[in-house]
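All chains are identified by letter, namely A, B, C and D, in their written order; residue positions are counted from 1 within each chain.
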Amino acid sequence: MEKEKDLQKEFDAKIDAETKIEPRDWMPDAYRKNLIRQISQHAHSEVVGMLPEANWITRAPSLRRKVALLAKVQDEAGHGLYLYSATETLGAKREDTVDDLHRGKAKYSNIFNYPTVTWADIGAIGWLVDGAAIQNQVMLTRTSYGPYSRAMVRICKEESFHQRQGYEIMLTLANGTEAQKEMAQDALNRWWWPSLMMFGPSDKDSPHSQQSMAWKIKRQSNDELRQEFIDKTVPQAEYLGLTIPDPDLKWNEERESYDFGPINWDEFFNVIKGNGPMNKERLKARKDAKDNGAWVREAANAYAKKKRKREAGKQSAA
Amino acid sequence: MTKQEALYKYSLRLGDSTLILGHRLSEWCGHGPKLEQDIALINIALDLLGQARSYLSYAAEVEGKGRTEDDLAYHRVERNFHNLLLTERPNDNWGNTIMRSFFFDVFHYYFLSELTKSKDEQLAAIAAKSLKEVTYHVKHNSDWVIRLGDGTEKSHKIMQDAIDELWDYTGEMFDMDEVDETLIKEGIAPDLAPIKDKWLQKVKDVFREATLEMPEVQEWHHTGGKMKGIHSEHMGYILSEMQYLPRVHPDATW
Amino acid sequence: MTKQEALYKYSLRLGDSTLILGHRLSEWCGHGPKLEQDIALINIALDLLGQARSYLSYAAEVEGKGRTEDDLAYHRVERNFHNLLLTERPNDNWGNTIMRSFFFDVFHYYFLSELTKSKDEQLAAIAAKSLKEVTYHVKHNSDWVIRLGDGTEKSHKIMQDAIDELWDYTGEMFDMDEVDETLIKEGIAPDLAPIKDKWLQKVKDVFREATLEMPEVQEWHHTGGKMKGIHSEHMGYILSEMQYLPRVHPDATW
Amino acid sequence: MEKEKDLQKEFDAKIDAETKIEPRDWMPDAYRKNLIRQISQHAHSEVVGMLPEANWITRAPSLRRKVALLAKVQDEAGHGLYLYSATETLGAKREDTVDDLHRGKAKYSNIFNYPTVTWADIGAIGWLVDGAAIQNQVMLTRTSYGPYSRAMVRICKEESFHQRQGYEIMLTLANGTEAQKEMAQDALNRWWWPSLMMFGPSDKDSPHSQQSMAWKIKRQSNDELRQEFIDKTVPQAEYLGLTIPDPDLKWNEERESYDFGPINWDEFFNVIKGNGPMNKERLKARKDAKDNGAWVREAANAYAKKKRKREAGKQSAA
């Protein structure tokens, strides 16, 4: 007990001093659990987030765009792997973590429960969804847990690249034919509000936020991040010549920031509950991938076992 | 047939085969048996699509009518596509996906090894760049053929079925016509006959290690895609999906 | 919203739902579990496609811009299609195909029974003709729901799974907006609320006989297709296949 | 023995007198077997023949064409059923007959082993393939076995309608855009020779023909039928402005008939052997349909049994 108190003190001191916590360091159980929850959600989001974009790979309208999109989705798979590894440094097993997703126990970013219905959605996801993600991830490069922080540094670089690509798709559409402009505006209309919801509920309604801030897992509040994102994105939309679907959006001279309209949290919580357009299909796609691939994984294991046995046989014979 | 005509068709064939196989592999994206394999397959698809862009750009350049890689990929009708029928076989399961790639990769490797010596500098350059990538493809997919062939009883059967389904489509890789002959004379294209021997040997070796049965080499095999542009009934669905958007908006740039 | 606008949209919605469901059913052609069932399903598909043609022709006429049924079917983009999301659900197996049709048919039957009384003569006439066809659809598909629900353990499970998959898509059939309200006022369109009650009762009766569990009616359900033209990710593939050829040859007649 | 002789005489007399043989009539075993083989091959051809056309239903370029094509394929399914019934009047079981197809024991018309690669193929199939089939079927309306003959009368009416539809598709294409004309010519190029092969090998190489003629199952030889078809079709192609892909095709004043070039029988026998572009896929499609539908047929049987039992229960209770 005495020892635990010391450890706790040591931990607190590190947090105060902005020293990163590393896998072998002592950490409070709740800190560990909180991190596993957050990082695995993040990992799931990368993996589930592959699906809405993969939906357009075979239909990308130019070879250059096709290759860029495929490479982007590959990066996301890589981020997923990288983040699952980060949860493993905390003692979570990847298989269990993934099972939690499939059983609906673990969450992933709600935004991926919306369908990608036109090519412009690929632009909008890059611009807005990756944009919002970066806002969050840049903050997380300063998170208190070392492996997570380092994963974020790496991921942020790639995400910025994705975001620029997405914006460039929007720019091309916005400067394109009438039909393309319409497509771009329509995508902005559909993705704007879900993107704002990506930062999570308002600070007052966010259960985990305060403790996460104290542990310096989070470094900024949901509302702060959301506001920064809006302030950064509005001028970008203006440059595209597109209209943000919020009649209340207005520059506030005093705050030097944009005021914006109320967010429909009912929709947010309804989608989180499972009532989104794509929840069932996203999970089904992931489960099907796992089930249909079972024979492959089994065969790979069987082969590896045989091979080890044969090599052992050779060695003992030698 | 002029050299230019032959070179145009030759580049088109290479571009179409890599494009369509890349397309088939990209269909798996997000649905592979494990994240690691998703990544590996996407990697190969990316390589193939990159090669397709090089070949199609070059075909457009040789043609000299101001068309682009995208004009060729998105605005040609099915009858003018010249990919190998093998590359358009559907993804029935992960096993026949691996087997299809394996058959192609082994050919591709030996073929590119020769093409690097082409007197056409552009083709030689594309081949040299591609060869590095394809060396990895052969390794990756051979390993998987062995692993799955010599894995469980179930995986063995899936792989043997995949061979039975795909075998009759492999012969087309080695067919030659006036296009090849014209370019062989010019020192631009390799003779495919010795490549076939190497292919057979390598496939045999891998199958032996994989405990898979090597089918007999028949005289007859499926043909049509590469030379005549007569495809299987799968091709129409590939193109309607792939080309739809540019076809709806013929004046747009993306 | 003017009466004309509402009538245009209303006819479009009906045309799109029958078109897309007809399309889905026609995908089975040649692949049904028995020749007799192939024939029956094609029959229903033919009826639906015939109805789609009537509605789309009428929509084009109401619109008054000189468009035709084919312009509407083949040259509209996805965001302008207004079918029910239910109708675009994929054919996972024969069971969910039957269940999807059953849900739609029961609605369709009660709906058309009311639409025959429409003050719009054209809609009333289409409804009267369609009602005869749909009477058979309901009978056929109810019988199959009962047969498969109360058949074997396996078939029972497949049908119950189909209900679970599709149930959340049924609510959209009864949603009403300005389009409906405008036409209800004019005596052109029926109120969908009483139709929903009849639908629920009939579904319940059939499920009881089929020994299938009736899900609870939730407040939330999938929406988007009918009113907003926001579809599931399946719709794009339907349209790229269906529209490809006319999109490739925009100036051709067929 | 004596009795059998009388029966044979009676049978022969009927054949001579053009009296139809009916299911309950005595008939020689070989006649029965020959008929079962021929009619079931015909049935299989209708069913397998649905597949190349079904391939274009979802992609038909106008709603009118879509509906017509779907209706046509439905007719073919109906013909299949009707012909399976005719084999059942001869004592064959439909299930066994279908199994023979799936096991590769029974044949179907070789022409369906070619793919439908463009929309014009739908026109060409209607025009040429149905045209060739009608040539054969009109003859078979006069076949000696009653049920087969009557089936043919009915089927011929629908086939003629299909053929006109096919020709009309070709006509529209031939009068259409450059691309459409090309499509039409290309389809004619690919379907011409396989259509001529539909009449079977030359009389001298046709094993079953002579006996079939004697029994009046067949009433005209393969070569006669083929020549009639060519003479009828060449002017139709001319009217379309399309070129028949046969450099040797020439009007023969003396014969008042067209001379034509040699048929590539090697290709024909190779495709029959299984080496056609679509043989494996056609059979697989039929087998898959059967396998995937097994649970449906089992459930229908189980339900029918339950129902009978319940009704029996009700009756005995009453």
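What we mean here is this: a residue touches a chain if its C-beta (ideal position, glycine included) is under 8 Å from a C-beta of that chain, and two chains touch if they have at least 3 such contacts.
Chain-to-protein mapping (UniProt): A, D = 1,2-phenylacetyl-CoA epoxidase subunit A; B, C = Phenylacetate-CoA oxygenase subunit PaaC.
In this text the structure is predicted, and so the values were computed from the model without any measurement.
Counted by C-beta pairs in contact, the busier of A-C and A-B is A-B. Spacing of subunit B relative to subunit C, judged by their CA centroids, is 42 angstrom. Annotation: 35 Å between the Cα-based centres of subunit A and subunit B. If you average the Cα atoms of subunit A and of subunit D, the two centres end up 58 Å apart. In subunit A, the residues that reach two or more other chains under the touch definition are 59, 179.
Within subunit B, the positions touching two or more other chains are listed as 77, 236, 240-241, 244. Chain contacts in this assembly follow no simple pattern; the graph is neither a line, a ring, a star nor complete.
Chain pairs that touch, as defined above: A-B, A-C, B-C, B-D, C-D. Interface of subunit D with subunit B (complex): residues 52, 55, 59, 115-118, 179, 186, 190, 270, 275, 277-278, 280-281.
In the complex of the two chains, the subunit C residues touching subunit D come out as 19, 23, 26-27, 29-39, 42-43, 45-46, 49-50, 52-53, 56, 69-70, 73-74, 93-95, 146-148, 150-152, 154-155, 158, 241-242, 244-246, 249, 251-254. Across the interface of their complex, subunit C is touched by residues 47, 50-51, 54, 57-67, 70-71, 73-74, 77-78, 80-81, 84, 119, 169, 172-173, 176-177, 179-180, 285, 288-290, 292-300, 302-303, 306 of subunit D. Listing the residues of subunit C that touch subunit B in their complex gives 77, 236-237, 239-241, 243-244, 247-248, 250.
Those residues of subunit C whose C-beta lies close enough to touch subunit A in the complex are 77-79, 165, 168, 220, 222, 224, 230-233, 235-236, 240.
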